[in-house]
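Everything on this sheet refers to the single structure shown next.
Chain lettering (A, B, C, D and E) follows the sequence in which the chains are written, and residue indices restart at 1 in each chain.
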Amino acid sequence: MTTQRRIFAAICRQHIRLSWRNGQTVLAVSFLFIAITLLPFGLGPELKLLRALAPGLLWVVLAISLLTSLERLFQADYEDGALDRLLLVPLSFEAVVLAKLLGHYVALVLPLIAAVPLAGLLLNIEAARLPILVAAMLCGAPALVMAGGIGAALAVSVRRGGLLTVLIAMPFYVPVLIFGAAAARAGLQGGVDVAVDVGAYLGVLAALSAASLLLAPFAIAAALRAALR
Amino acid sequence: MTTQRRIFAAICRQHIRLSWRNGQTVLAVSFLFIAITLLPFGLGPELKLLRALAPGLLWVVLAISLLTSLERLFQADYEDGALDRLLLVPLSFEAVVLAKLLGHYVALVLPLIAAVPLAGLLLNIEAARLPILVAAMLCGAPALVMAGGIGAALAVSVRRGGLLTVLIAMPFYVPVLIFGAAAARAGLQGGVDVAVDVGAYLGVLAALSAASLLLAPFAIAAALRAALR
Amino acid sequence: MLKALENISAFYANPTRFMGLASRLHGPLWALAVLLLAYGLYRVAHVPADYQQGDTVRIMFVHVPAAWMALFGYSFIFFASVTALIFRHPLGHVAARAAAPVGAVFTLLALITGSLWGQPMWGTWWVWDARLTSVLVLFFIYLGYIALWQAIDEPTRAARAAAILAIVGFINVPIVKFSVDWWNTLHQPASVSRLARPALHADFLYPLLIMGAAFLVLFLAITLTRMQMEVLRQRLRVRARAGASENA
Amino acid sequence: MAEIENLFSKTQHARDAQCQAEGLACRRGAALVFEDVFFHLTSGQALCVRGANGSGKSSLLRQLAGLLPLAAGALTRPNPHKHTHYLGHADGLKAALSIGETLAYEAALAGQGADHAADLTARLGLAGRDWQYVGDLSAGQKRRLTLARLLLDPRPLWLLDEPMTALDEDGRALVGALAKAHLASGGMIIAASHEPLGFANAELVLGAQI
Amino acid sequence: MAEIENLFSKTQHARDAQCQAEGLACRRGAALVFEDVFFHLTSGQALCVRGANGSGKSSLLRQLAGLLPLAAGALTRPNPHKHTHYLGHADGLKAALSIGETLAYEAALAGQGADHAADLTARLGLAGRDWQYVGDLSAGQKRRLTLARLLLDPRPLWLLDEPMTALDEDGRALVGALAKAHLASGGMIIAASHEPLGFANAELVLGAQI
């Protein structure tokens, strides 16, 4: 293992360990469940309605849990000096950022998506339809993480940072939600041409994720550098 | 003004000022709007459906914004030493806690509820029905704040505190949501006996709030004292 | 980085060229804006009431140009930011910052006039229609951009951060537009009676174009004035700094 | 400096105030940090607590402030709510507030109007910074700001954790002058420090037996 | 202590390394903190930066570490990514990790395996605390932990912001010994401090003209 890879892995592992240790992982997952549990109380218990809405609701809840978890993505490191430390490692800062984003994906997004099938059952989605929902989320989530990361980085040195993160990231969430929900709905309807549709939607989601993956580390690194003081 | 009242007011004002300055107020409100804006992307844009679900969705979104804002209610003060300072003022600690809770109600809950009518319009609730929704929220919100406060206090010295807050507060949220959504639904249907219904629901909400208001400051103060080290 | 900073200080210390040009343009631009606006409003007042919509049709002459300016404003910010970042021309930051609130106000105007128009036409203030929704999202993008400028009080840091956001956000605009279009055409709300596009004949078209030109010139005039104010403010700051270090 | 002494000459703390520890012990987590600590302090005296890193100096001060339970032993001390100041490592300052706002808040907690805080910035060496955010201050400037508490509210017992940290010479002189004025007016001080403190007239060494 | 010197005797930094500032200025917010700062440091030299609170010592160190833009002037310095250590006020320690985990992480950032961190706790005076959470450490113990970086990764330029803060006598001796060994092996040190630093052989006073 080269030194650079070792450092990359260490940063990624550190992020995962801290997310776990500070309870962010468990918090995000339980947030998902709590939102899903509270919804029937708010909407009234009509199961049919819930089933029809379930994929969309799950997407929105996923997006909001992610947004909440991303809001402070770089904040603690910025305040306690850990970001200074990361600027002084023999690795390009873009790579450092990528390591942290990857860590966030593993520590938060994967557990959240892993919780979706169970939450889906609570909302009475047919079990056979869940794989498509999960696949769509796996394809689309990187874009959500990258967008939230950009917001978090731009807001890091800022009073009212949380607001900024949310405001900045929100427009990026719109396309992902639209295609994600569409894929899930198409998946739920079943049929012959549906497979084609679902494939196309997943493709769009993956393309959005790939594009953001190319762009975001640079934007984030630039934003964090500009925030230094 | 006696010294004690002056101190009580100062703590309350300080909490409000910090919520505003750190952007928590604006964040919570924009979080509400963003959640409401993202929902149609997940659920699809059909107005009728949205209108039917609107009060319940608004309640759930309110509860979740509040829960998110409460999660770190005492955390920052605990970590930076401000809580130590508050234990050394010539005021009973229960009163200090009440001052902070009151500050939170003014700084976060009131703006959130004030934003509900506009959010309601986006979801196409009939304007005439909004007052009942808002009244129910005003009655029920103190209970939500108190429950969240107890969770936050118990979790303050704990790694994975966030999770604890949410888990502890959750059971208290369910009754408020049930009655709150029921009041809003009753209000939306209209009719003669509805007024009676709505009145009863509001009464229950107010009673829940009053009970929690009596209990919570003591529980919270005790929990925070136990967390000291 | 260092060079950009030097550029900025050099520029603010002596932005005479821009200020000279601006002070010459300032008067004529405002005069043109007022004239066009007055003439446009006069023409609008004399447009025959629509057989279908009655007088509410007049909202169009504010609504449509405002919507155009909402889009134009964001493109303006994007190009100004690119200029600032790539060519290291600090005037770009100033222009982008000055234009943002103006664009946001036009966006809000489009939203409000649209809503006002929607109430009589569609029987509702708001629909999750593709075009409406994407304007709402654009409004959020404006808000984020302005909030970012206001949140950072060090000008050079704020400028960099805002430029990054402007560029990233601009890439996002067509994506949002495209996906929202697609989203809504798939799930067309049947309940909403939609207005067929009014075939614009000359009676409507010319006043509309005049109002469009008026709004454009107005946009430019306000933005220019805001830029002048910003430069003056920075100049005062530089002076105050110089004064402070001399006194010390 | 003259002004500071003036301020305190108005206050006179009770001459019979005292602070006494008998067989104090402290537990953190599973570890017994110290035990069998004895001292006795009366009006006008200052105690300097010394000891290696981790010997429990900060913990002892927190016990005295009522912020940490005693594992054993007994304390006689002024009421923490009314008669004790505690300045610890965590300063409780809020980055998002300006110096002026912070001082006004401290004045209110001391039961006084904001006007009492007006000339404090100058006295703390922060003149002309009323509008600066606390988050933008240097380490020493923050430290100076925390001293405001001592000036705003005359309380007989001061608990100071490493009071000289981050301060320049001027700042150290300020703390020294404050402490001496406080002792002269009948107050008591217990300070933990790794540096010699000019105003201390007794020493307590923690962890010496280990 | 002997061990520490051993460690460094293995490393030899390039004798032609240097760090030079010409007409450096620093701006924070609207304020010009300092300007016209000149110094020149070569292999084996240590510079002590002095000045009143808020005179810009910490800011200067951050500029040297590439963490703060220069308002004017020019710097010649070793590459911050590879050849500079910066220990600032904010230590970047994570309360939720244990000492052992922290050291393993630091070792990895230094490009080394976790085994390299094994005997560090003892050398830093934290023996037997491998499993203790960093959040439970005393102020001085935390400070000691940050020194690990210097031992794990030999880099020619050290930037130390108030390196003696919170350390007991033993800790100060440790820092002194580390610094001397580093200088002997051809390294450079720039340290901001309000206390005399035994190892410094030059001084830079900020804000002197004010």
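The rule is short, and it goes like this: a contact is a pair of C-beta atoms (placed from the backbone, for glycine too) under 8 Å apart; a residue touches a chain by one contact, two chains touch by 3 or more.
Here the structure is a predicted model, which means the values were calculated and not measured.
**Student:** Counting one step for each move to a touching chain, how far apart are chain B and chain D?
**Tutor:** 1
**Student:** For the homomeric pair chain D and chain E, should the interface be classed as same or different, according to whether the shared residue numbers exceed half of all numbers used?
**Tutor:** Same; most numbers are used by both chain D and chain E.
**Student:** Counting C-beta pairs in contact, which comes out ahead: B-C or A-E?
**Tutor:** Pair with the higher count of C-beta contacts: A-E.
**Student:** Between chain A and chain C, what is the gap in Å from one C-alpha centre to the other?
**Tutor:** Going by mean C-alpha positions, chain A sits 31 Å from chain C.
**Student:** Mind checking the centre-to-centre distance between chain C and chain D? Centres are C-alpha means, answer in whole Å.
**Tutor:** So the centre of chain C lies 55 Å away from the centre of chain D.
**Student:** Report the inter-centroid distance (CA atoms only) between chain D and chain E in whole Å.
**Tutor:** About 29 Å, centre to centre.
**Student:** Roughly how far is chain A from chain D, going centre to centre by Cα mean, in whole Å?
**Tutor:** Their C-alpha centroids are separated by 46 Å.
**Student:** Quick one: which residues in chain D touch 2 or more of the other chains?
**Tutor:** Chain D, residues with two or more chain partners: 28, 89, 96.
**Student:** Find every residue in chain C that makes contact with two or more other chains and list them.
**Tutor:** 137, 140, 154, 183
**Student:** Provide the list of chain A residues touching at least two other chains, using ranges where the numbers run on.
**Tutor:** Correct list: 21-22, 159-161, 163-164, 167, 170, 174, 178, 229.
**Student:** Under the definition above, what is the set of chain B residues touching chain A in their complex?
**Tutor:** Residue positions touching the partner: 21-24, 26-27, 30-31, 34-35, 37-39, 41-44, 53, 55-57, 59-60, 63-64, 67-68, 71, 159-164, 166-167, 170, 173-174, 177-178, 181, 185.
**Student:** How about chain B: which of its residues touch chain D in the complex?
**Tutor:** Result: residues 3, 6-7, 9-11, 14, 17-18, 21-22, 77, 79-85, 87-91, 228-229 of chain B touch chain D.
**Student:** In their shared complex, at which residues does chain C touch chain B?
**Tutor:** Touching chain B: residues 124-129, 133, 136-137, 140, 183-184, 187, 189, 191-192 of chain C.
**Student:** Quick one: in the complex, what on chain D touches chain B?
**Tutor:** That would be residues 28, 62, 65-69, 80-82, 84-86, 88-94, 96-97, 101, 105, 108-109, 111 of chain D.
**Student:** Quick one: in the complex, what on chain A touches chain C?
**Tutor:** Per the touch definition, chain A meets chain C at residues 150-151, 154-155, 157-161, 163-164, 167-168, 170-172, 174-175, 178-179, 182, 208, 215, 219, 222-223, 226-227, 229.
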